[in-house]
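Report on the structure given below.
Chain nomenclature is as follows: A, B, C and D, assigned in order of appearance, with residue numbering initiated at 1 for each chain independently.
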């Protein structure tokens, strides 16, 4: 009170509290702090009122061009999808939002049952045995999956396809510097031939460019070499494509954001992490499990905690503590609202739109679809302009697409320079028309190509 | 209107299941659904790729879903419903305005160009500066998504730093105090380090002699929480840091307890090379039933080259972009950086809330926060001292650790007391941590609890202590008034049930198994 | 986590008050506050006008306010928490998307020009058309803010209609059936009419002979609810309307029960001159703990001239404006209109929700709604018939009325049963209405309750009926599991306490009276 | 299910239900309905998905220019004020939003206590004895107050000042057609001389133009003539001005919308209704009161119900049933968050800004402030252009003000044609600069004046 508008202490309160403690001033409690370090000047501006801070943030927000402001085709791991109104109403209720890890399960059944349901729903979607309660995001889940494979196999080489999302590969490479795991990046086509001596093969399906990949073959190759198969996937794709558990994947990871979670410039999101039952004791992260109370009533607790840092410390399967439970709950609310039919419909809309759009773009002069095979709900558009220039020219027209950097490996440009076009159920006919128009115009202007 | 135990109807189980609320699957009926998203179009998917495995998700109407989650929410204890004195977690009030402004940034994709995200970058840039000022550090990475990931990031930075100096191979060990949070040794191990634990001294400080003898040319760093997990300020913090530096190692600051230091002292002035921030603690972002959080890493200039990329650059005209070529897609300028922990700016939606909080408090508000947090902890300790043993007798900072060792002897453990508190309408403190205090109860009231609430909590704790002396069995039997009685955690781990597999899992584990004839609630 | 009774601490009362949650005033402390709005400026107000009376509002921190209202909310039963079969109230599910889109229109002022509010006008214009189509009427006024205000508006329209025909002085009476809702006679009286009540016949219809003999040249109109408050469709509705018209009077349709008729039948096709819509019933807008609602009035063409002004006009270019000069500020064109009931478009924020609901359902969805509402009521009646007397034995529409007369004789009244239902986790039906059924229990399940929930409700009702035969005292003693036991309504009315006046109202009634020395919860 | 996305009935459910009822088809239950009237064709388009309806409503909303889109000075009864973020989070919780009138008080204590608190807070703000739980809005509250005065005095003449908000006067005149009450409109200055034979004098303070009015004098005149004094007021003004209860008002009404409720093109809002204790049995509307349960625990119920339509039918004090309880709860949340200091600050900001702005406008050529005396947080600006033309010209510049129609009585234009400028804490320096600039430019362009 006074300067912190959320503190309830009045001056009278403070005086009474100090008297009971038996000191004159709070400073009397700070003797352990080096004198010269006490009460630093921070050089921070005075506080704002709520009304002022709201206006300030609104000003900042207006400096962005949001996905809803114009035709928008950026996607990949993080997707602009329709979020039913009931999702935030339920998932952001104060009792979920302002609780913490359910250390006292008797007064945390809301969290625990919702997370248990998330695990159950996600397990069905992926056709996997066990799902944990969440990792930070798709990237760290991928890295932790690789670490888990290393622990399980005792091998220190991880083979990852170059068609795995570049952000995941970056995080993987960064994480790998810790335990000094060797990361080998090979194209999808070479994965099956690279299993020897590897802890795991990491494949993404649909891949970063939207291409469908034969995971079964890769899983077989991995298993034949004593390696694990880790599949990176996307939740909506699993509604229409044979799921990872049916393709032979041992560990499945991915980004759960498309399940009702806002894009929010990259987080907070939801790291999906699933594995086969036999591997669960090496799984990272919290897991909710069913049990009973002393009356025999069904209830839920966090279980298998002997894997975790707070019990096992340096022997834990991961250091993760705070996770993304609220995102898991959000995903469960989303899935329960959409149901199997809604989930399929959302997925189907993206696929249908992507294919229709690709057909229109492919016939424009100088344009082609650069995927290596059938694709799902995004595809790679190759033009004579090159991806980066095309992307920048489209921004000028209010259209946002992603230029692909697949071809940049550790800074070296190795191959193509295209754009990726992601469609979802939010893509509209007008969006598609605008893109086709713009690309048609741009692809024709050869001066741009010359200027590169 | 809290839920009372019911027999779950229609689940098809031979015997109905008593529970507070059915599972989604138990509420589902084939053919039920809403109409949130629809399409008439068909998807062109080659047959070989099409899903043949049944998609056994529950079908529910929206009204059912709304009731289900409303019921579940009401079963939770939360900061919005009561005092949540979980030590080390800083369960302070989460301002609602922070949530509202965060929604203004919901519809922005992390792969947008810097040209369409100047608001994001301006906010993030200023946030980095605010964090640097508050911690006394020079540079900040916003990428880590929680404290533990920030620890791991920092240790990667340490590794890169030593590598740059040609000492990577040699420096294989990280030292942590025995009072350290579990994430510290876990992060060190994950980063490929061996972990050495040093003990604490009688005043709750790191034992300086033990530390010195553990230090050597094979040590990469020392991880120190200050105030430590006992809630105590490290009395010889500068000597500790000097000793570590003298051995050529680096000092990592675990900033989980930064709430105590807001405007009171800065890690950067005390000898730390870096410190992480749990914005979900110190900066009031909601804990989300377990997460999300965000764990920015603040470092001194000598560690900057190793921070994750990309970095935000501010131009003279107040425009912003990343420091890497072609946005951050071609990290030509990776240099000495460890790489990328999380694309671009980490949990930006959480960071917006933290930024808003700092702008709301301002310098004076931040200072008041640290001081009030300390005041509240000391006041509550004064109220509780008559009945409970205090682990270390010196003024704590923002939290303190009691021992229920006395009560344990009288017949009720720290666990029992924690359950009895639930019956009194309070969340329990953190129990059995830190590990070095027997029957530990770690209490952090935070600055947002009114004095009356602290007093009511103390009264409850004293009533329980009294009950332990007169009727310990009743305390061991708690909770009685929570939604459930004590849960069988041992059984849960022994025979794990980690997902729903239908009423009769022997039947192939189909969660949508239709209701059997034996209904719990027969149609009248 | 429901609240349990506590002794309210610190209220300064001599003896502490047991309550579920303190009052705001009891939580306040002088000097406590947030910082939502502030100003450094001073206001120029002549001294004679300045407030000298103390402004005795409570001072609270935001965290306290959040907890207080979260606690209070959790004490409520609501559609979001369970089945709410309140007859005549159509407590159907309130779709969340409706609330979200309503917020898109939050920041528009009703005195803006039509030029800056084309979206508002387009929506309202289409909504009028939708309502006309659904009711079979020709024109619609969106102004009335609830059913009762719409009744009053319609009676003003009747008055103006008769005045136009020179019969205003003569037509002084309004006839209502004895089953009518209380608002009908109350509206008529408010409008300066005398009220004549006609009885119902043995089949629950208006007694046509009684009606005919009540009709005459002094009658202005007849108010008919159809289906009526017994849930029964008026079997000779056309004859009724014809009789009224033959007497030169008008037929008012109380559309509170319109849910039954969605796509099933239209008042406009049955002889009504007008009908009101409770959008908070039929069109799913939330009831808001008692309100708001909205009560559009739909009329046949002959009543149009009398509708409230302004009216929306649509131009050929699809632009919209009001029909009055200079926006609606100079109502030069008032003409025969009764004037204005509510500036411009009534409770627009509620109407947006109703519009959204209709667009979501579409023709087929509306039809399905009416049919499912009827199906649900008939199903539930079939389940309950074994234990309770049915007031009128013919198929009800969307709701039905039971009588607990038998149970009353066995020792428990409709009121007792309603309280016992609370213990079963259900809200009670409407009881003691309509007045013509002894021990009436009026049950409206709505179409949004799943079949299993109807069955669970029926099972609870049957259990209670059983308990009435074996242990009526226990039913009379209900509720036992609600947040409170039965409340003393008689005492409340006898010695009304209508606001908080401090712990000791003899002390001048200062609600901020400081806590006395006698605290409920002494500081330990 | 199927066509109504909120209905849970599957075809199987429906078949089972029909079987139990003992009919083949729902149509078998409709025998009472005239055959030719059954199953009308409605001619309404097919239903949309939630995603489609959301997009449709967003399109409609974009066709409006909101108050936040540019400088905004429209106000009066309905005001653009800052709404703290916690207000909707709390007041719109599902348990408040989707409950109804607390017919079962044992499971409605949330509503009842919140409404009781609203009554208590509002009574303090107004310094009145009793406040009811809400009327529809300020307009109907004014009309119901007049009716109450008629009942209490047995007189059928109501005198209302022309400076009372024009929408309130319109509603009053319309309502009065029912019981055929005579409505006499006189200027503020003539009120004291018009009390003879009147049931009440209705005065607004601050009045529609923002002018401060000496209510004491008017109340005295009313009381001397055996009439009641009804004051129309605004909640923020009561924080700074001597409140109605201290000025002699017998009944107080007003619009509660500025207390944290959105403008929403006019509703749903909050009719404030207060009176002296002695008059309570003639008060319209629901009232929450304190009581105890059978254990002696404090609780709340709706009380004094013998005034109400569901008990007294044609003898009731009003026909009101559904009211605006949620708005009352919202106002209580708002007041408890702002506290006395915040409420005063918000009010002060409007007053200070209005006075500063008036000073700047008054010195522009051809401009003057037309209030008859000191004003509160809005004022009347007179220009040579006239109010309607000025308003329209300002709209062209993105600035919204209200042209005053005070002078239109039953369609006849009688007097001035100005604009009203309302300030609140939301008014910014930039807003004020924009208005001063625009008025300065417009007032100078004499061609516009000529064109009138």
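Note that a contact is a pair of C-beta atoms (placed from the backbone, for glycine too) under 8 Å apart; a residue touches a chain by one contact, two chains touch by 3 or more.
Bear in mind that the values here come from a model prediction, so they are computed numbers and not experimental data.
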| item | value |
| --- | --- |
| Which of A-C and C-D has more C-beta contact pairs | C-D |
| Separation of mean Cα positions, chain D and chain A [Å, integer] | 47 |
| Chain C and chain D: spacing of chain centres that average the CA atoms, whole Å | 18 |
| Gap in Å, rounded to a whole number, between the CA centres of chain C and chain A | 45 |
| Overlap residues in chain D, where contacts from two or more other chains coincide | 5-8, 13, 20, 47, 49-51, 54, 82, 84-86, 89, 93-95, 107, 425 |
| Of all residues in chain B, the ones touching two or more other chains | 1, 29, 32-38, 60-64, 66, 70-71, 74-77, 79-81, 93, 95-97, 99-100, 360, 383, 448-450, 482-483, 523 |
| Contact graph of the chains (line, ring, star, complete, other) | complete |
| Touching residues on chain D, where the partner in the complex is chain B | 1, 5-8, 10-13, 20, 47, 49-51, 84-86, 89, 94-95, 107 |
| Interfacial residue positions of chain B with respect to chain C in the complex | 1-4, 6, 9-10, 29, 32, 35, 61-64, 66-67, 70-71, 74-77, 79-82, 93, 95-96, 360, 383-384, 386, 425, 448-450, 452, 455-456, 458-459, 462, 481-483, 521-524 |
| Parts of chain D lying in touch with chain A, wherever the complex brings them together | 50-51, 54, 82, 84-85, 89, 93-94, 425-426 |
| Contact set on chain B toward chain D in their complex | 1, 29-38, 60-64, 66, 70, 95-100, 523 |
